[in-house]
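Structures incoming, each one as structure tokens.
Each of the next two complexes has subunit A plus one more chain, namely subunit B in the first and subunit C in the second.
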Partner chain A sequence: MKKIAIISLMSDGGCHIAFLDIHEELLQLLNQVDLVHSYMTVDRKDIPYNIDIALIEGGVRTTHDIELLKEARSKAKILVAMGSCACFGGIPGLSNLYDLTSSLNYVYRETPTTIKGVIPHENVPNVIRVAPISRYVKVDFQIPGCPPESKEIKDALVSLLKGEIPPQPTKTVCDECKLGPPKKKPKRLRRIYEPPEPNTCLLEQGYFCMGSVTRAGCGAKCPHAGIPCDGCRGPAPKALDQGASILNALITLAYENIKEFSLKRHSAYFYRYSFASSIIEDLIRKRLVEKK
Partner chain B sequence: MMVRIEPVTRIEGHMAITLVIEKNKVRNVQVNIIEPPRLFEKFMEGKPVEEAIRIAERICGICYVAHGLASVKALENAWNISPPETAIKLRRLLHAGGYIHSHMLHLAFLALPDILCPGEGVVGLAKKYPQLCKKAIFIRKFGQEVTEVIGGRPIHPSSIVPGGMSKPLSAEAREFLLKKGKEVLKTAIELVDFIFDLYEKYELLNVYPEDPTYYMGLVRNGFHETYDAKLHIMNPEGEIVDVFDGSRYVDYIAEDALPYSFVKHPYLRINGEKYRVGTLARINLAEKFGTPIADKYFAKLRSIIGRPSHNVGAYNLARAVELIASIEKALELLEDNQILSKDIRAQVKPKAGVGVGVVEAPRGVLIHHYEVDDEGVIKRVNLIVATQQNIPSLERELFQVANNLLSKGVELSRVGQKLETIVRAYDPCISCATHLVKLKIVNDKE
Partner chain C sequence: MKEFKPTIIAFLCRWSAYGVADVAGISKTSYPSNIRIIKVPCSGRVSPLHILQAFNNGADGVLIFGCLEGGCHYIDGNLRAIHRVKQLKEILNIMGLNSDRLEMYLVGSCNLNKLVNYMKEFTERIRKLGPNPLKLKEG
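And then the complex of A and B:
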């Protein structure tokens, strides 16, 4: 039987849940493959050798994450980045816009409920900048999404087990959305506390909808629920940088409406899941290296 | 000698237990939360607060619904908004969906293998008890279906918005959930009977430590409550000693950071004592659920464990009763015709202010606290999450149990297994708490 392992780094465990959400098919799958490591469901503590497919959940945040990741790579034939944290750094990547020491100081010393403050340093790993796993190891396949659709995870596994490369979506969320594409320029920018007009493209109404630059595959669930796409599936195949691509689109559509731009604020829209793998992050890292 | 159990498995997140043993006595126990700290409290600063809802859901891949609700309640508290009744009902239904999924995940997949197939995890359970697994999957799937219908997605729902919900419930979807929910309730009763029988047959409550602590949780006029009520504190003798509005949590809860864990340890500011939250706290605090079948099981449970119960194993049985209650509550909400109303969003205007949102997550009291400027942009965030509040007493219990077992001459690897079983009763969610466990015994520094 082929051996599969799920290895978790910095994450919220949601991709693990998306994997379990194949529901009845899980029992079938467990009869066809040997799930050898998964901290949530299997008791085995170590990562065994000769794994056929390692699914990596989560990005890199600590030195411990790097060790686990490299160990997984050395023991697995195929290594898959599962979910947007592994693929792009995910939401925690937003933390890279804030100084790490002051972030740790705030959380462990300064919040309103903290009395005795200390930054943890004993029997715990070192905290480093958030990074996608591809910065440290070779990645054979990506399944982005926060989390990915359960069916995508299962289909990718089935293909990889047969020795095939799974197909990747080539379209955007906008292509899957029944509301879009925008037919005219927005009159003003809107935030999601304002209800949208029904049956009208959200970008056209002035919401920061990421659908046009985000990889397809979810069926545009959020816009169909009346909420702009927040880009959780990462850049569309043709978009080099998710945030830069939407800015490019907005400059054409809404130039008059964007009065000011703040990276800390607007990263909530443009780079929610992909800041740690953005062009800006590359520049910051280069600068940090030069400083040293 | 130092022994490290890393990672503790069948929990959510990365945790290790370090035991320092001298002359066959445990000198010190550390629960090392090594889950990477993501520092949400800092990077949410500067973001438009309405975007915090979907961002904060990513704190936890299991109780995302609870985080979304605590977040929106904090916002609504800061902006002084009351959502329409139907929106509250939809949120309660969504919350019930979250509980069904989370509790079923824990009871079947994380906890039962310890009893039915020790050391074999879910894979063992699936091979040896396929029918049981099918039932558990059927029930948990219903929870995820509720979340998908109401929230737009089964994991990290998107429909929670300031002032209400972004989409109404359709008549067809309601019929689908009602029909399925009734079947699910029957299956859940079979499963919960099975779990109660197991506990009785193997006298499982005796396996767990009794550890008197304070308790904290929501309760409304004696009724079990998960979405909105005043916080109550019960002392170890079982008396309610404080009742307060969530917005005053800073007066009641304090926390210390520790050098050896990414999770801060909370305690009661009023007296420095440890307190616990979650299923055990909720059933100690409540007098009834208000739904017939859950109340029947609740009466049975209370006749076994008494009030207050300090037995860590009672967390599991209380979870089973809450599973039934969540399904009953979901059905009650679905049968209410008002649930189909299209009046689901209040008018909303940003303003400067401070807001606190409190809900009962499946694992206990969850608090989001935001300070926003006049444009509705976040200036400061503080979070108290369910699991972290149980870690201080967990550490004390592990110390007592490890010492007890070692004095009886139990070998180290068995001690490790036992400690993990105790950890699991709390159903800890470590990624929440940092905003995992390995059994790797490292015998060094002899």
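And then the complex of A and C:
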């Protein structure tokens, strides 16, 4: 019987739900494995020894997360980053756009509903900048997505249990999307509340669709439903850095007609899930090291 | 104290600036030796990714040379490059880099003096700004 553990760091449990959403096939999977640690389904507080596969959910936000992560690494044979927070830092990574002290001050002191707030400092771990787990430990396999497809988690687990490394998609969401490619240049910027025209590429209509720089594997669900891709699966292998690549593409496509977009203004859109692992974050971190 | 020698990465369009820089030797003029030239098919080829990575790997300045307006071999590559540079300058300030460390110049295909002057001017500017604050200390 192989042992599987799901260890949760800074996360909202969505990836956990995606794991449980494997549904009936989970029963077949549980014939082969033993789920030894998972805060939603198993009543066990400590991480047991000799785990075969540890699924890490969530990125690093506090010093406690680092301890937990290192403990998991030392006890697990294979460590898998599950979900975009673990792989790239995820949406919480956007808080790295701001200074750590200023965001703590805002959250605990300056919000309009707070009176005489205090930043918690006793018996709590220190808050640090959001980071993907690969910055602290070696990661054997990544399952990106927010949340990842349940089928993808299952397929990955099945092949990892056999001792194989599952194939990673190398294409982009655009390759899987039936709407594209864009046939002409967009005329103006559109927001999500405006209904899109059917069977036309969303980028061509003027929506910021991140499909061209985002890793494939989801089957382009969002563009098919009329919602522009927001890049939850992280950068495609050749894109390296989502924001810089989409900026490059948008300027090529739309610099004459659309003047409003800028990396400064739309950084939360271009880097929604991958800011904590972007080149800009690297540069900011180096500056902080320099200051110390 | 040792004199500061800036490392400058220059992206030169092969249709104008690169050809001009090539002739520099024959015409017995010289440009600052700390400029490292990278030949690109068009200044529009230079992605924000290349520029950010140059800074991340310790470049003190990044220079882009394109063709004159209307003279691009690929119709509007140089205009795209201008837009990219404009966008990147905005965020360089946030990251703690002076936006003067990135510059784009347009030169014609026979303006050797202009090219060399731009290069000298930029090197002087970077020398005044000092080394890239994000460069990791050696050793």
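The criterion applied here is as follows: the second predicted complex is superposed on the first by the 282 of 292 C-alpha atoms of A that agree within 3 Å, B and C clash if a C-alpha of one lies under 4 Å from a C-alpha of the other, contacts with A are read in each partner's own complex, and residues count from 1 in each chain.
We take it that a residue touches a chain if its C-beta (ideal position, glycine included) is under 8 Å from a C-beta of that chain, and two chains touch if they have at least 3 such contacts.
Owing to the predicted nature of the structure, the values given are computational and were not obtained by experimental measurement.
Novice: A:N248 contacts which: subunit B (first), subunit C (second), both, neither?
Specialist: The second partner, subunit C, only.
Novice: Is A:K264 contacted by the first partner subunit B, the second partner subunit C, both or neither?
Specialist: Both partners.
Novice: For A:L240, select first, second, both or neither according to whether it touches subunit B, subunit C, the two together, or no partner.
Specialist: second
Novice: Comparing subunit B against subunit C, which has contacts with more of the residues in subunit A?
Specialist: Touched residues of subunit A are more numerous for B.
Novice: For A:L283, select first, second, both or neither according to whether it touches subunit B, subunit C, the two together, or no partner.
Specialist: After superposition on chain A, A:L283 lies in contact with subunit C alone.
Novice: Mind sorting out which residues of subunit A both subunit B and subunit C touch, each in its own complex?
Specialist: Overlap of subunit B and subunit C footprints on subunit A: residues 262, 264.
Novice: Please output the residues of subunit C touching subunit A within their complex, sorted ascending.
Specialist: By the definition above, subunit C touches subunit A via 44, 47-49, 52-53, 55-56, 79-80, 83-84, 87-88, 90-91, 94-97, 133-134, 136.
Novice: For the complex, which residues does subunit A have touching subunit C?
Specialist: Subunit A residues touching subunit C: 240-241, 244-245, 247-248, 251-252, 255, 262-264, 267, 279-280, 282-284, 286-287, 289-290.
Novice: If we count contacts the way the header does, which residues on subunit B are in touch with subunit A in the complex?
Specialist: It is residues 6-7, 9-14, 16, 18, 30, 32-43, 45-48, 50-51, 54-55, 58-62, 64, 105, 109-110, 113, 119-123, 126-127, 130, 133-134, 137, 140-141, 144, 151-156, 158-159, 161-163, 166-167, 249-250, 253-262, 264, 266, 345, 348, 350, 369, 376-377, 382, 384, 429, 431-432, 435-440 of subunit B that touch subunit A.
Novice: Which residues of subunit A touch subunit B in their complex?
Specialist: Residues 8-18, 20-21, 23-24, 26-27, 30-31, 35, 39-46, 58, 61-62, 64-65, 90-92, 94-95, 97-98, 102-104, 106-109, 111-125, 127, 130, 146-147, 150, 191-195, 218, 221-222, 224-227, 230, 232, 262, 264-265, 268-269, 272.
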